[in-house]
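As structure tokens, the structure follows; a few thoughts come after it.
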Amino acid sequence: MRGFYIGRFQPYHEGHHHMVEEIAEQVDELVLGIGSAGDSHTPRNPFTAGERVMMVTKSVAEFDLPTYVVPIEDLDRNSVWVSHVQSMSPAFDVAFSNNPLVIRLFEEAGVEVRQSPMFRREILEGSELRERMADGEEWGSLVPDPAAAVIEECNGVDRIQQVSDSDGADTANS
Amino acid sequence: MRGFYIGRFQPYHEGHHHMVEEIAEQVDELVLGIGSAGDSHTPRNPFTAGERVMMVTKSVAEFDLPTYVVPIEDLDRNSVWVSHVQSMSPAFDVAFSNNPLVIRLFEEAGVEVRQSPMFRREILEGSELRERMADGEEWGSLVPDPAAAVIEECNGVDRIQQVSDSDGADTANS
Amino acid sequence: MRGFYIGRFQPYHEGHHHMVEEIAEQVDELVLGIGSAGDSHTPRNPFTAGERVMMVTKSVAEFDLPTYVVPIEDLDRNSVWVSHVQSMSPAFDVAFSNNPLVIRLFEEAGVEVRQSPMFRREILEGSELRERMADGEEWGSLVPDPAAAVIEECNGVDRIQQVSDSDGADTANS
Amino acid sequence: MRGFYIGRFQPYHEGHHHMVEEIAEQVDELVLGIGSAGDSHTPRNPFTAGERVMMVTKSVAEFDLPTYVVPIEDLDRNSVWVSHVQSMSPAFDVAFSNNPLVIRLFEEAGVEVRQSPMFRREILEGSELRERMADGEEWGSLVPDPAAAVIEECNGVDRIQQVSDSDGADTANS
Amino acid sequence: MRGFYIGRFQPYHEGHHHMVEEIAEQVDELVLGIGSAGDSHTPRNPFTAGERVMMVTKSVAEFDLPTYVVPIEDLDRNSVWVSHVQSMSPAFDVAFSNNPLVIRLFEEAGVEVRQSPMFRREILEGSELRERMADGEEWGSLVPDPAAAVIEECNGVDRIQQVSDSDGADTANS
Amino acid sequence: MRGFYIGRFQPYHEGHHHMVEEIAEQVDELVLGIGSAGDSHTPRNPFTAGERVMMVTKSVAEFDLPTYVVPIEDLDRNSVWVSHVQSMSPAFDVAFSNNPLVIRLFEEAGVEVRQSPMFRREILEGSELRERMADGEEWGSLVPDPAAAVIEECNGVDRIQQVSDSDGADTANS
């Protein structure tokens, strides 16, 4: 059985990692979708899709599970979102999510969805993690080591701190 | 004379319905534009364009007025908005709106615009209606019967309640 | 039962009309999708979506069949095309088409498709009809009267003749 | 040496003008990029790209400096923003900006960026200027005369006042 | 009176130059629209918008005529093309073109269009010029000196020759 | 050292496979970009990005080389193509290609490109392979076994044969 788990992974952290560990017990193969793949260089979406592909791939290598890591660009059209995801991903049997909108969209399309209490934790950690980076506080303990290495390689903390001065502007044109 | 009246119709309700009744006395034919046609499955835009086409078409059938119901996707470019609307709609002589931006755009393009005190009511009702649905309160008396039937057929209340838990996220990628 | 039939309707002609007549015997309601809604003013796609909405609506009025006429803009992504169409259209149970790609896409999405020998005729007529208009030959006998009236109202023949001089350029930027 | 300076110029005002004067001493030629070129008719972006091209061109004519004024449409993808700007602009050697995101993007792409304390003033003035116009207060002293002439020619104050009633809606479809 | 003249200017050559000279006698100011601004690096559209802005600006400097040179990205929607062009350009009173589609679109929008026998020559020369460059033949005599200088500065001939080996592929993804 | 190799992989075949084998000797890690990721269900681009991700991932597993397989959607803007690719891919030091346009774009962006005589073979095989499938001839010997398994799992031959009847139409709207 193949499972699908989507996140923005900005960045990939221990919350995601435990989630993947839990999913690994339920599936034979796992597709990890990198959501909002086109976004980067903002306080909320600091890393490019490529940087996130590397973080995720290196981190999940420790699990004995065949994985596919696919960037998925936004289409901004909820009614075709499931088809879009399905076209970018190897065929999957079950989706893992706690996001009510994602659950609704998959269910209306007839895709089985499994929820987990761990998802909420993941969301909170992502936000706190970026704040810690922006404020120059300790963050290394919240992400798997391979992800931390990628963040350092692309000067991620420096980037977050600089773009956080933009007063919430999300694009260079704002 | 052919008139044009655009709304998001999320959903089509009694406020819109009285408006159409009023417009029906001024025109021979009416084009009803379904705005933001590509949006759906959010607390503010719960219904697809197709669901809204059906609500509107079934409801206005009671008036003895030839109508065209056309979904209009967003183009997000105010300067070409009037041309976009005109290309999607049968040619019209007068537009009905109380939205200052819509009025401005039509007027700069040389299209006659008529306003009505009823528009404001319509806006308030749309918002209150969706809140009632989300909160599980009575809503049936606020929409024409044919629209209510469509909402039930697509499990609209259930959908609104589920996506309202998404904390305001407007797309599955947020 | 509700049926769905999509065409570019450039313009709506007798081939389409007979097709609709045939479909009318099989369904209770019919959705007519105006394909490539954003295209206009080219030799192959001379009419705007709004002009086509009017041609179709006026012409099918003679059948005793509830119809919905919906413009559908191109999304240029085959993998999400069915979802896109479904979001713009009232829910339908069966699609009518002879286009192999359309059939394939609907079938992969689990939608029933019915074919008819009449479709081929429709395609040939569309192309020949536009050539006749461009060459100043007789064309009125090939389209229902209400459609002919719309073509005249928007100076359609004049437009086709003028843009046919563009040597196949499909947009003003070519 | 050719410099690049981007702004939304909504409208072009004395803050921008002093900035250009300062830049003029450091470069041989200057490219002025009109950012968010596709936006117009909103309280925050009232003027079209064409109106802004005229304001800027007429105003900078007083400096003895070869200038290029190029509208730049948003691409909403930070990771390709620098390439997009470079493709729309004559080649430049140095960019002038105080926007942290713009600085970050240029620097990651290896483009030299120069900052100036004057930028902050420019931002404040833009916002205050639009408010003055919306409130019917004096504004003429805050913009160069040629820009004021353009604003009057297109009934800019009238437009701002009308769209400011839209309660923050940024497009006609909101 | 302000005139508008659009071309792809791939590259700007003597045919365009004589055309501008002719137009200069009829108007007080001229807007030169750089069409298909987003296209570059193909056999048919070798130069970026920025490179073309520079070619045109430097070349027309010899005429005593205030000019605006504005890149215009394709919108691929004929029905809104005129509005798009008008939003990117300072307001103009008359458009110059021999392209039947462009003429039709402007005329349907109520804009005066003037034609000239010189346009045809311009089209032929653009195509021949690119072929000469691709084949390594003499081309310098066909373009104004300032345009030739820009072409050399960006290694234009080298670029055309290299991309002409792509067998007509228009994008890197083909 | 990390390398980058992009192809449409429609489907992944022995030509690609030998190429990857050759590249594997020159790099420590390899990024395989799935080009035109949004295209599918046409004679030229029959498979979805997800199907291609699976073909490639399963096939290259036999090499002892860390690989990243990333779908890359078309942006149709040559001038930003390199930035787009770089944002979707883990950072790479060298690109492998024989496509003159791709080579030109990478070189203008300062990225090292390596060519190989094997690329030409790869292009020919892709085209011949799809023809064999469409004509019902033997094709299994031209693709690695894991790719053949994916093609069978998604009824790929059946799909190619059906859409090949569409007379070259590339989208459902043509």
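Order of writing sets the chain letters: A, B, C, D, E and F. Residues in each chain are counted from 1.
Here is the rule we go by: a contact is a pair of C-beta atoms (placed from the backbone, for glycine too) under 8 Å apart; a residue touches a chain by one contact, two chains touch by 3 or more.
The chain list, named the UniProt way, goes like this: A, B, C, D, E, F = Nicotinamide-nucleotide adenylyltransferase.
Note that this is a predicted model, so its numbers are computed, not measured.
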Least hop count linking subunit A to subunit E through chains in contact: 2
Interface with more contacting C-beta pairs, comparing C-F to D-F: C-F
Subunit E against subunit D, contact positions shared by both copies (same if over half, else different): same
Rounded Å distance between subunit B and subunit E, as computed from the means of their C-alpha atoms: 42
Euclidean distance of C-alpha centroids - subunit A vs subunit D, Å: 35
Multi-partner residues of subunit B (each touching 2 or more other chains): 38, 40, 48, 75, 77, 79, 86-87
Complete list of chain pairs which touch one another: A-B, A-C, A-D, A-F, B-C, B-D, B-E, C-E, C-F, D-E, D-F, E-F
For the subunit D and subunit A complex, residues of the former touching the latter: 8, 35-36, 72, 74, 76-79, 81, 99-105, 108
Complex interface listing, subunit F residues touching subunit D: 75, 77, 79-80, 82-84, 86-87
Contact footprint of subunit E on subunit D as seen in their complex: 37-38, 40, 48-51, 53-54, 57, 68-71, 73, 86-91, 153-154
Residues of subunit F defined as touching subunit C within the complex: 38-42, 48, 159, 162-166, 169, 171-174
